[in-house]
Amino acid sequence: MHRFRFVLWRPLQLLPVLFGISVITFVLIRSIPGDPARLLLGTRATPTALAKIRAQYGLDEPLWTQYLYFLQNLSQGEMGRSIVFKIGVLDLMANRILPTVLLVVGSVILSLLITVPLASAAARNRGRPLDHAIRLVSTAGLGLPAFWLGIMLIILLSVNLGLFPVAGFGDTWLDRLHHMVLPCLTVALALSAVLTRNLRASMIAEMASDQATAARARGLPERVIFRRHVLPNSLVPTINLLAVNIGWLIGGSVVVETVFSLPGLGQLLVRGIFARDYMVVQAIAMAFAVATVLINFLADVLTVAIDPRIRL
Amino acid sequence: MSVALARPRLRIPGLPVPLVLGVLLVGAWAVLAAGAPWIAPYDPIAQDLTVKLQPPSAAHWLGTDNFGRDILSRVIWGARIDLQIGFLGVIFPFLIGTCIGAVSGYAGGIVDNLFMRLVDIVLAFPFLVLMIAIIAVLGPGLASFYIAMALVGWVSYARLIRAQVLVLKHADFVLAAKSLDFGHGRILFRHILPNALTGSIVFAMSDAVLVILNGAAISYLGLGVQPPTAEWGLMIAEGQGFITTAWWITTFPGLAIVVLAFGFSLLADGLGELLGVRE
Amino acid sequence: MSDALLDVQGLTVMSGRGSVVEDVGFKVAQGQVLGLVGESGSGKTVTCRAVIGLLPTGSLAITKGSVRLEGQELVGLDPLAMGKVRGRRIGMIFQNPSSHLDPVMRIGDQIGLAVRHHIGLSRREARAHGIELLRQVGIPDPAARIDNYPHELSGGMRQRAMIATALACDPQLVIADEPTTALDVTIQAQILRLLLDLRDKRGLAILLITHDLGVVAQTCDRIAVMYAGRIAEQGDKRRVLTSPHHPYTAALIRCQPASGGGQGVLPTILGQPPLVGAMPPGCRFHPRCSRMQPRCREVVPPLEAKGDGSEAACLYPIEAPVLEFGR
Amino acid sequence: MSAPLLEAQDLVVQFRGSGGTVRAVNGVSLTVRPGETLGLVGESGCGKSTLGRAMMGLTPLSGGSLRFSGEAVESRTAWAALRRQTAMIFQDPLNSLNPRLTVGETLAEVLRVHGKVPRAGVAGRVAELLTMVGLRPEFAARRPGSLSGGQCQRVGIARALAIEPKLVIADECVAALDVSIQAQIINLLIELKERIGLALVFIAHDLALVRRLCDRVAVMYLGRIVEEGPTEQVFGRPLHPYADALIRAIPEIDPDRPLPEAILAGEPPSPLRLPAGCALHPRCPRAFADCAGGQPPPLLPVEGREVACLLYRPASVPA
């Protein structure tokens, strides 16, 4: 299986990207206006106390030395403490990671469940009313603001019909899943619009492809051609699109978590920015970036598994 | 069966339907935005607590918010901001991305490698997260939004243009230009770029959709347009506290976003069809 | 030729802009190779797609004529019944094996899908059948190759694999659309040799579509020359190539440089073939014809039998033509 | 014999791919004299197109040297001088023209950049060039998308002629055209060759065309020239087994000539893993033990031409 050998060396290639991520995060966080020492000690701190804190955290040293400290701490799994919550950033994140993971995984699964049947139906009925309807809805769906869609779903399904909780996360697993339905649906609907258009287009291209014509010439029925030839070939570009959209998806979780008051990382990030809780913002931004890189890597593995021609 | 190369060909008599619809929709918003002072029935900012939280009626077609401001007027005035977001939020990334992508793809080698690593790094950050972080540094506001947009948004254009340039660099007509001893500038700007641009112009139209959504999301989070200015994302945020009692405050600005974004999507589809570009 | 396996008569295919194929008729008998020759746009590919019922729906449609396979009418057959003809009784080989094989499916599965569908073989039987087929089309080490993906084979091997998929259900007729155009000359000779061997062993009828008169001369029994959607001339290969009656056939043969030599300027045909929707009235070749008479602009020449067994569609055919070979 | 116009010595072009390094052109030497037509033939992947491009500097050389009109082509200015006197015609007639420019703009650009005619004379010269390649001057206003393949190729030739070249490199310039159009283009080349005294490097896989057009022919296999000599000699009695197979495989419109029996076994090996010794030996019907080892056989003079084959080693060459 030497096609999969890239699994070994590809992570090495990602090192410069990870390095760049850390530099950008570090520089961005240090550029945020406000003196960290004063934030730690409060406005009534004495100048000596401030100087002491600055020396203690290396804040009086040049930026690149500070960056080295930052890297050193990072390698020891030390990401600093939250000013607001007064606990270690990593502990804080560990408490908040579950809703975000559930949201991302749930919406990907849900969007595929929506996309594949819709795109297939549209492609197989190309030019008929059903196709036009699906195209119209998915094109309109491109412009759905996730936060607004979430609010509309809340008004419709929670407030009016009382089917789902309005906000929050819940305590038992069943309760949590119940709470996750609307947030996942919100993200999935917005994502499905992009995916459906893309999958429909590549299915139509595959149905008109030479190899599908050849399969027809072999007398295979349309449904067999669709399932065995068209679907596998058209999934590859859609998986790539999904991977490209992972960044968007994680970013979207920031907004959707705010709408549904989900205690996840995204909500923490937004609060951190308003509260100037820099260590938290820094850690979450890095975590999101690393997650994006890893998910794209997984998508590469999946693409290679589906398409034997691709070598990385 | 040999398949002829798809070539851009302007079919003037039969313009694609999506293009016409898109132009009409976006055009309608542009007219509303330009004529806001004359078209909007009320002042979008002036508060009138005597008519607060009124449902849609003959006097206030789309109802009023908790300060008694007319939603219709705020939606119409909001079009000014959101169209501006769609335009300025696209044009800077487009220009920066086109330059970087063209140089990177044409020069190749180390230059290309450096730029592409930079693209990888920027792409690694979830778009909105990076935007939020940059705006946090610059302070909330529209100007910060545009700067953040320019800093983050160029990567898509750079990648698109670079990919096109890489293909065109080996096209026979570019080799022909090289074999005729034409200079690099002439080859890049007269022979490669005009042919590479169609794809990214179409992409810019569909990107406008994303930019408008992002602008609204940033304002919704409180990092973009600040109250009391009328902007759709901000209006949705302001109305969220009243969803059980006054659904119209959030619903109509959201619909406005959907309709404008739909217009740009149609514009992108129609333009793509017209120019023979497939995304 | 009442015993023809494939009998095409008066076949007309229309597109939105006009007729792409008009009043085309030919026959192929068992064990016979018919070469359908023409330049690009002559309608030869559309003709063979019409025969196998694979015209793109919506843009092209058969409006007249009949296609009979062993007396059974194929035009107007419902999709289900046509599915039993395609692949089962008519196999098809395409020009470009790289794009006509599914890139993400193993060769064995592509053969297997067809035989399992048409003959109802089990997965295991289909695999054994596939290996045997690959052996017959001359692929070395077929038991290993059957698990390869198309991109893992060379161009020539890929075309052999495509031939194997066409032969999978033991069809009576094979339609080969420019089967060697994408290949190099030394490989081309190998593939043509394979087709002829298969014809001899299986008694296949072959409809060979090509633009290359050299390929026709070496492989076919009969030739039909198409120009602008119509048959210009057809008949026995030797007759048509050595004594063409239609000025187009004669000109086509003359403007092909012979490897045997000859220096200097080549004879050519003036101008370019007409486009669909802008066909000239009367004989479609008249604007480029050196023997054009006023009547050619008005009268559509019917395909008429000449004394030597050839048929030509020309009002003023070349009567005693002799072309020299072995120059 | 006149002084050579273009001399190539041991040209090497390497491509680094994912699977390793491919030597697309592997030590090729050849000479083109003024007014002469050299045919470069071989199957796909033999390196003939790469060689053509390398001679224009469109693909960087990894080794070897080039002389143009006696001057070594090394510096930027020397390449410029070569390109200002050498033009190229490409395979895909439509793709070789910028789709955004009209025919007139394409030709005028060349005239202006090369300063061939004063500004006022550009339009007239464009019309003249179009007439020369058999197109009406009105074609100047058309874009490539509205032209047929043959017409595009005529424009391509006109663009080549615009620089008033001494040498034209034509890369498979009729391969994409129909037979009747192909003959028109070949005739145009023959006519121009005689009228202007152009030297022509004609890269093609169609040997019959090469025999018709060329004075000398070089047969390539896997990056090397295996036989080179006067066209009539090579075609009349090819010595190298590959040249022989290639010439015998040309489909002839002769109904009495049967399909040739297996000419060469198998297919060319991957250029990534060339066999040792003569690259042809695994397929060669006349291979013997020595062919499988050592260096590839060098090109040596045999019977008025040059052949790279151990069958014609000096010791075994008949007198």
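Order as written gives the chain letters A, B, C and D; numbering starts at 1 within each chain.
One rule holds for everything that comes next: contacts are C-beta pairs under 8 Å (C-beta built on N, C-alpha and C of every residue); 3 or more make two chains touch, one makes a residue touch a chain.
Since we're looking at a predicted model, the values are computed, not measured.
Q: Look at the interfaces A-B and B-D and say which one is made up of more C-beta pairs in contact.
A: A-B
Q: Hey, which chain ends up farthest from chain D, C-alpha centres compared?
A: A
Q: How many Å are there between the centre of chain A and the centre of chain B, using C-alpha atoms for each centre?
A: Distance between chain centres, rounded to whole Å: 21 Å.
Q: Between chain B and chain D, what is the gap in Å from one C-alpha centre to the other?
A: So the centroids are 50 Å from each other.
Q: Calculate how many whole Å lie between the centre of chain C and the centre of chain D, each centre taken as the average of the chain's C-alpha atoms.
A: The separation of the two C-alpha centroids amounts to 32 Å.
Q: Hey, how far is the Cα centre of chain A from the one of chain D, in Å?
A: Distance between chain centres: 53 Å.
Q: Show the residues in chain D shared as contacts by 2 or more other chains, in ascending order.
A: none
Q: Mark out which residues of chain C touch at least two other chains, giving numbers and ranges.
A: Residues 40 of chain C touch two or more partner chains.
Q: Within their complex, state which residues of chain A touch chain C.
A: For chain A paired with chain C, touching residues are 127, 208-211, 213-221, 224, 228-229, 232-233, 236, 306-309.
Q: Show which residues of chain C lie in contact with chain D when the two form their complex.
A: Chain C reaches chain D through residues 39-40, 154-157, 184-190, 192-193, 196, 211-219, 237-238, 241-242, 251-253, 255-269, 272-273, 325-326.
Q: Quick check: in the complex, which residue numbers of chain C touch chain A?
A: Going through chain C, the ones touching chain A are 52, 54, 56, 58, 83-88, 91-92, 94, 96, 99-105, 113-114, 117-118, 149, 151-152, 162, 165-166, 168-169.
Q: Which positions of chain B touch chain D when the two form their complex?
A: 5, 7-9, 171-173, 175-182, 186, 190-191, 194-195
Q: Can you name the residues of chain A that touch chain B in the complex?
A: Counting only chain A, the residues touching chain B are 16-17, 20-21, 24-25, 28-29, 31-33, 139-140, 142-149, 151-152, 154-155, 159, 201, 246-252, 254-255, 258-259, 269-270, 273-274, 281, 284-285, 288-290, 292-293.
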